[in-house]
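Each of the two complexes below includes subunit A, the first together with subunit B, the second together with subunit C.
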Partner chain A sequence: MFVEGLRCRECGREAEIAAVHVCEFCFGPLEVVYDYEGMAKAVSRDRISKGPRSLWRYADMLPMLPGTTEADHVDLGAGYTPLVRAPRLGAKLGLRDLWVKNDTLNPSFSFKDRVVSVALTVARSLGFDTAACASTGNLANSVSAHAAAAGMDAYVFIPSDLEETKILASAVYGPKLVAVKGTYDDVNRLCGEIAGEFGWAFVNVNVRPYYAEGSKTIGYEVAEQLGWQLPEHLIAPMASGSMLVKIDKAFTELVTLGLVEETPWRISGAQATGCAPISTALNDGTGFVRPVKPDTVAKSLAIGNPADGYYAIDAVRRTGGAMGDVSDDEIIGGIRTLAETEGIFAETAGGVTVATLAKLVEQGRIDPSARTVAVISGIGLKTTDAVAPMLSPTHTINAGLSDFQEAVKLDD
Partner chain B sequence: MSATVRIPTPLRTATGGAAKVDVEGDTLGEALSDLEAQHPGISERLLDESGELRRFVNVFVDDEDVRFQQGLETTLEPGTTVSIIPAVAGG
Partner chain C sequence: MPTRRWHLTFPEDLVQEPIVYRLVRDYDLVINLRRADVDHEVGWILLEVKGENAQLDGGRRYLEDVGVTVSDAGGDVLLG
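Here is the complex of A and B:
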């Protein structure tokens, strides 16, 4: 319980702990302020390693409000996902020491379970009994699932053109599921307007300062799983840019808290070319994030007006990382390469990460000998539409032995 | 020309709690000047030192982000609604 309050990232004005997300003065995002001295005294490698095998092993480093106990955690077991070596993918891309953080293995099959379990835990502490969100799909799934388990009502807003599986994988948990005819940015705008009018915890609107902190646990886990060492390089997909910014923050905190030795790290960001406002702003040198109208197969990343774009650019520039973006064909290629080399079936966001990593290596913009971690943030079974046209049985035969022998004769 | 500005919750401390303010102006910039005349202090929260919209302030005229239109030069038809919305995190 080391939360002290909230502070505006833009102008530094402070605010009290409540369900507020923007600075009253300048509209900048509010961020949680911690007592790091107290936190440093409480946490240790030993204490963490004895904790639960979920993100709650880092509860001391999350924005838990005073009085929160373990029994209050909204917990479906999110986090502590595998960090696996990826030598075959590494060889294919030309990277000597590549690892994959496999966040497809979460309760609702994306990293969003991290942010949602933290957000709903805080929401309940603040007295809310209804959870809500604006979502490109994965967040909707996660809020629906966690609200069901916590016995909360849920209002979940999505663009109506989402992948069928992503709609279904929210609806099954029984939320009020509102499909809005428009883009995610339209959904967001609507939620921005109504968030103040209802007494709901909108996880990525009025509860956002707490919500966003949940993504730090990706960074904590990567370091712990590498034997309490920071990777030299990490690449993450970007929609709003929040996850990337929080992973970078996690590395900084681990150093501050004395949990890892301070070694240099670089953070890189990946986008789809059909929605690349952040990578465009970095790569054209202006640093000015101009909103776009998304048109990409990677619907989970289709945020044309990214709230954390500026901070993602700051983190990537400060650490000496890079950003890139990739076409729909490259995204689908990335999904297939990851599956064929490492046995991990990622959604389109994972295809974006792998394909962007390949491109940055090819362009000589990252060090091929650096220990690199690729964050694979969601599962392929939710975006089968994207790859279905290319995938089918390699042989279709009658059930006779000779039919089979005939068919495999042509294989090499 | 008159337009209606919808005021988001965090800004209502500057409008005495009003959720809507009717303003005069042919462009967004003029409308915001009139808003400032009615509620002194509000424009400082929307515009930076150089008079541009702050980077976390999203303004919509007729449901379209003004960064897809002419920014502060965007013209307002009579009866137009202007919405001011804080940026929302990802989803």
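Here is the complex of A and C:
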């Protein structure tokens, strides 16, 4: 347990461990502070390799409160997902050493299981018995599933016009599922107010400092799976920008702790053009993140006012990475390219990552020989509506052998 | 008294408008500015706002109607 407290990213003031996410003085975001000296003495490659095949192999590097034991972990087995070589996708994009971090293979099929698993573990340590979130998809699924497994009550807020399949993927776990009538902005406003009124662990509000730390495990795993080496380049999708920031933090921590040799890394970010406040701010040179009204097929990345936008820009600038954004058509193309070359069916956020990577390569903004990792954050079965109009049987035949032979002959 | 923490983002045409003054005068809200970055093109303000719920709702509606983007101090709450 190496958590020392919380610190404001803006004014540097410190705060005690509690369910609080902004600095009382300047309203800047709070971040967990660790005793890295003590952590360095405790962790080692050997100790980690003997840990569970989940994100909990890195428990020493996560914000576990004093007294937390392995039995306290809210654990559905999230993390330690495959890092696979992607030679066929690499050849198609013009990258000679491309890898895919396949986070579709998490318990509720997205990377959100990482952050929720950590958030609910800390929430229980802080004495909460109710978890909550506001979400249009992955986060709702993950909070519902983890709360069920932890025996916690769950309140999950969704827009009332959400598609039926997305409602089912949360409702099946038995949370109190509150469908809110109104616009995206209305739901956002109400949930912001609710989060301040009730004594719940609202995962991306009052326990956000701990929740966000769960994303570091993507960075830890990538390095470990590459044989304790940092990749030269990594590209991640951006919604709030938090995942990208935390992967960068993970690489820094691995160096600080002596677990990897310090080698240069670049981090790049991918957004959908219909919701690209962060990449726009970087690429127009202003660095000013203007809130937008999301209008994109990539619903899981549709955050118009991203909390970590400035920090994502800082990480990308500091490491020499790049940002780009892609249209809905390009996103669908990215999903299909990844599926057809590597056999991985990603949701729309994965399409954003692949298509943005392709665009950055075309623009000459990525070294084609660099060892590159693309983070694929969720499964395509959750967003089948995005690709369904383009996909159908390649042949429809009558049930006769000659019909099949005739149809196949047409392909020759 | 109910309290909110708002992050306001102003487009260029509103930078010179006395937005905060109107929140105090027309909606009887108590304002405490915590951080801000405003120049001639764009700007944002982080503030604490105290008032009765009806006043808070009215003030927020006014801001949104004139084109100010209002969000929770920690960014959007509704995620994917």
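Operating definition for what follows: the second predicted complex is superposed on the first by the 398 of 412 C-alpha atoms of A that agree within 3 Å, B and C clash if a C-alpha of one lies under 4 Å from a C-alpha of the other, contacts with A are read in each partner's own complex, and residues count from 1 in each chain.
One rule holds for everything that comes next: a contact is a pair of C-beta atoms (placed from the backbone, for glycine too) under 8 Å apart; a residue touches a chain by one contact, two chains touch by 3 or more.
No experiment lies behind these values; they were computed from the predicted model shown.
Colleague: Kindly classify A:A307 by the partners it touches after superposition: subunit B alone (first), subunit C alone (second), both, or neither?
Modeller: both
Colleague: Counting only touches as set out at the top, which of subunit B and subunit C does A:K299 meet: first, second, both, neither?
Modeller: In the superposition, A:K299 touches subunit C alone.
Colleague: Going by the contact rule set out at the top, does A:A349 touch subunit B (first), subunit C (second), both, or neither?
Modeller: second
Colleague: Should A:A322 be classified as contacting the first partner (subunit B), the second (subunit C), both, or neither?
Modeller: neither
Colleague: Considering only touches as defined above, state whether A:V20 meets subunit B (first), subunit C (second), both or neither.
Modeller: The answer is first: A:V20 touches subunit B but not subunit C.
Colleague: Mind working out whether A:P29 is in touch with subunit B, subunit C, both or neither, as first, second, both or neither?
Modeller: Both: A:P29 reaches subunit B and subunit C.
Colleague: Considering only touches as defined above, state whether A:V74 meets subunit B (first), subunit C (second), both or neither.
Modeller: A:V74: touches no partner chain.
Colleague: For A:Y211, using the defined touch cut-off, is the partner it touches subunit B, subunit C, both, or neither? Pick first, second, both or neither.
Modeller: After superposing on A, A:Y211 lies in contact with subunit B but is clear of subunit C.
Colleague: With the touch criterion stated at the top, can you tell me which subunit A residues are shared between the subunit B interface and the subunit C interface?
Modeller: On subunit A, the overlap between the subunit B and subunit C contacts is residues 10, 21-22, 25-29, 133-136, 139, 184-185, 188-189, 191-193, 195-196, 204-205, 208, 239-240, 290-291, 303, 305-308.
Colleague: Could you pull out which subunit A residues touch subunit B in their complex?
Modeller: That would be residues 10, 20-29, 133-136, 139-140, 184-185, 188-189, 191-193, 195-196, 204-205, 208, 211-212, 239-243, 289-291, 293, 303, 305-308, 310 of subunit A.
Colleague: Within the complex, which stretch of subunit B touches subunit A?
Modeller: Touch list, subunit B to subunit A: 6, 8-11, 13, 45-46, 54-58, 60, 63, 65, 67-68, 83, 85-91.
Colleague: Across the complex, what residues on subunit C touch subunit A?
Modeller: Per the touch definition, subunit C meets subunit A at residues 3-5, 7, 9, 11, 34-35, 42, 46, 48, 60, 64, 69-80.
Colleague: Enumerate the contact residues on subunit A facing subunit C in the complex.
Modeller: 10, 21-22, 25-29, 133-139, 157, 159, 184-185, 187-189, 191-193, 195-196, 202, 204-205, 208, 239-240, 286, 288, 290-291, 299-308, 349
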